[in-house]
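Both of the next two complexes hold chain A, though its partner changes from chain B to chain C.
Let's turn to the complex of A and B:
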């Protein structure tokens, strides 16, 4: 079981690394999104300083939404998922490895680049640590919450817009707590971080299970 | 109990039961809503702080209750559908969505109209209002996902699971006024320590709530009947003998 898990993880990592479209798309989309905010605010540096954290969170949301579409799509269309089912490979392994690889290639680069972007946007690094931790707890939740919705919309006509419309309401609480957490980080209150951690630990238990059920249902 | 449950989960049997219930509900709901409106608009006293604008409450609060209740109904029906595969419960859940959208929109609209004279603003981004807006968008998502599959059986399961995941929002809406400091007032009916509202206002409020509940049941039964008959027509059209 453990051997199979690492085999699948390696396979997913390879598929991300070999396909430069997949691995670079999320982070380059993030870069492009961040660029929009300074340009649209014109010359008001004050506004940019105040909204730097919010704009980084918005960009993280968008790049996650865009990359969600490719989560199960290829395997589903090629019939690979059906082959896994026929060969009795446990879906728990597939779902968890997909989630990990999706987070590693979309969430992790954003987390590491976010302090630089904060300095680039606001000119000060006072909130960098808070932003780092809020994204560290927030982006896995994006991947986890997006997973069942990506599995739900498999086989739908006009899947992309539907996927985005369905997932934004579920992502809203994470953005709210993430942004609130950064704002109160420097005053020494970490309540929003605890809340994000609580949501994360519940989601890790429940959401992969729901995703497995949905995937099995979609292959019938 | 379970015997009757199994018996009336059959769509044909359900229709024979639904027809008389529907007629009673239609008449009763019109009567109760009319009496409730007379109480609410003329007989109940104006509030000592909010004056006459408090009468918006008699629409706003029952509509908000109904939209929460309808979501809970959709949640439990889709659980029943996913676990025991009763097709009737899927139809019940699907037909409730449109009614839920309308009630949620009514609650949001009357709430914002009530907010202007009392709070001085149409909208604030506090926890209760935001979570209710999220409920509205979850309803819209359910409405969208129903018709976006070319094979309807896939859409049925997608609908059921989406309703299941969206259920996380209900406790957040209910307890948002207790967990955060909100501009929206805390609960005054279902709370520890009893009801904190005078009986002159409570009677029209409950009348309106019961009237809305009966109205929901009436509309639901009518639309379920239409849905079942449509399926029957499609079935007979596609039957190979004709």
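Let's turn to the complex of A and C:
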């Protein structure tokens, strides 16, 4: 089972590295969004400073939404998912490795680069740590919440727009708590972080199970 | 027939979207035998294979010989990742199936050795089909479920695939295939034909 897990993880990592549509596109989109924000504010640096954290969160949301489209798509369309099912390969391994690799290639780079982008957007450097932790708890939730929705829309003709409209309501609380958490971080209040951690803990337990069930149904 | 079956299908019926796809089909698959499922396009041949492999819900009985816990499957969609190279594809499935031998002899059998570093997306339809059969060999399953295994292939590739199926049968395996082509290749005594209307 452990061997199988690492085999799938390695395969997914390779796939993300080789397929430009999967990871590079999401990160490039994030960079592009972050670069566009200061241009739209013109000379109002104060406004930019106030909205720096929210801007980074919105960019993270958009890049995650874009990358969700490719989740399970190739496996479903090429018949690999059916092959796994007939060969009785546990879907739990497939779902967990997909979620990890999705977060590693779309969430993790954003977390590490976010303090630099905060300074780039004229944000306060004292918020950098707060932003780092809020993204650390928030971006895995994007991947976890996006997984069942991506599985649910497999086979749909207008999958991209459907995926975005279905995902955004679930992503909104994450953004709200994430942004609020950073604002109150310096005053020593961590309640939003605890809330994000609680949602993350519940999601880790429940959402992969739901995704497995949806994927099994999608083959019928 | 008192022979021990690999697969026994009894009164198998399937309904999808309130429409009966097939009703009360019965047949047995014995070692060294092949069952051909014959029928027009859309008659439910693929559905039958998916029912047997327990993907779709059905009514009736599908009994599998003790000890057979996995089916080999080659379908319309080949189950290949476009970004993988032939080598990484075979390495991945070799590890999944715990295939001990080297897969280079399989590549030679299918004349794919020179494509070892080529991405799957660059292969032709026939080469992709051969690759999915290469995976089937590594799986070492007794029962093969083949969905139109030779349609769309050239004469030479068809011959290679049919020879491979024949070898599988001679080793005591069985195959359930949806095809109406080249029934004559196999010994008539070893062939069971199931017609779906």
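Definition applied: the second predicted complex is superposed on the first by the 216 of 220 C-alpha atoms of A that agree within 3 Å, B and C clash if a C-alpha of one lies under 4 Å from a C-alpha of the other, contacts with A are read in each partner's own complex, and residues count from 1 in each chain.
In the analysis below, contacts are C-beta pairs under 8 Å (C-beta built on N, C-alpha and C of every residue); 3 or more make two chains touch, one makes a residue touch a chain.
In this text the structure is predicted, and so the values were computed from the model without any measurement.
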Between chain B (first) and chain C (second), which does A:157 come into contact with in this model arrangement: first, second, both, or neither? first
Where does A:19 make contact in the superposed view: on chain B (first), on chain C (second), on both, or on neither? second
Looking at the complex, which residues from chain C come into contact with chain A? 53, 55-57, 69-71, 73, 75-84, 88, 92, 95-96, 139, 145
The answer for chain A against chain B in the complex is residues 148-149, 152-153, 155-158, 162, 165-166, 168-170, 172-173, 176, 210, 213-214, 217-218
Within the complex, chain A is touched by chain B residues 130, 134, 137-138, 140-141, 144-145, 148-151, 154-155, 157-158, 161-162, 164-166, 172
Chain C touches which residues of chain A in the complex? 3-4, 7, 11, 14-15, 18-19, 74, 77-80, 82-83, 85-89, 219-220
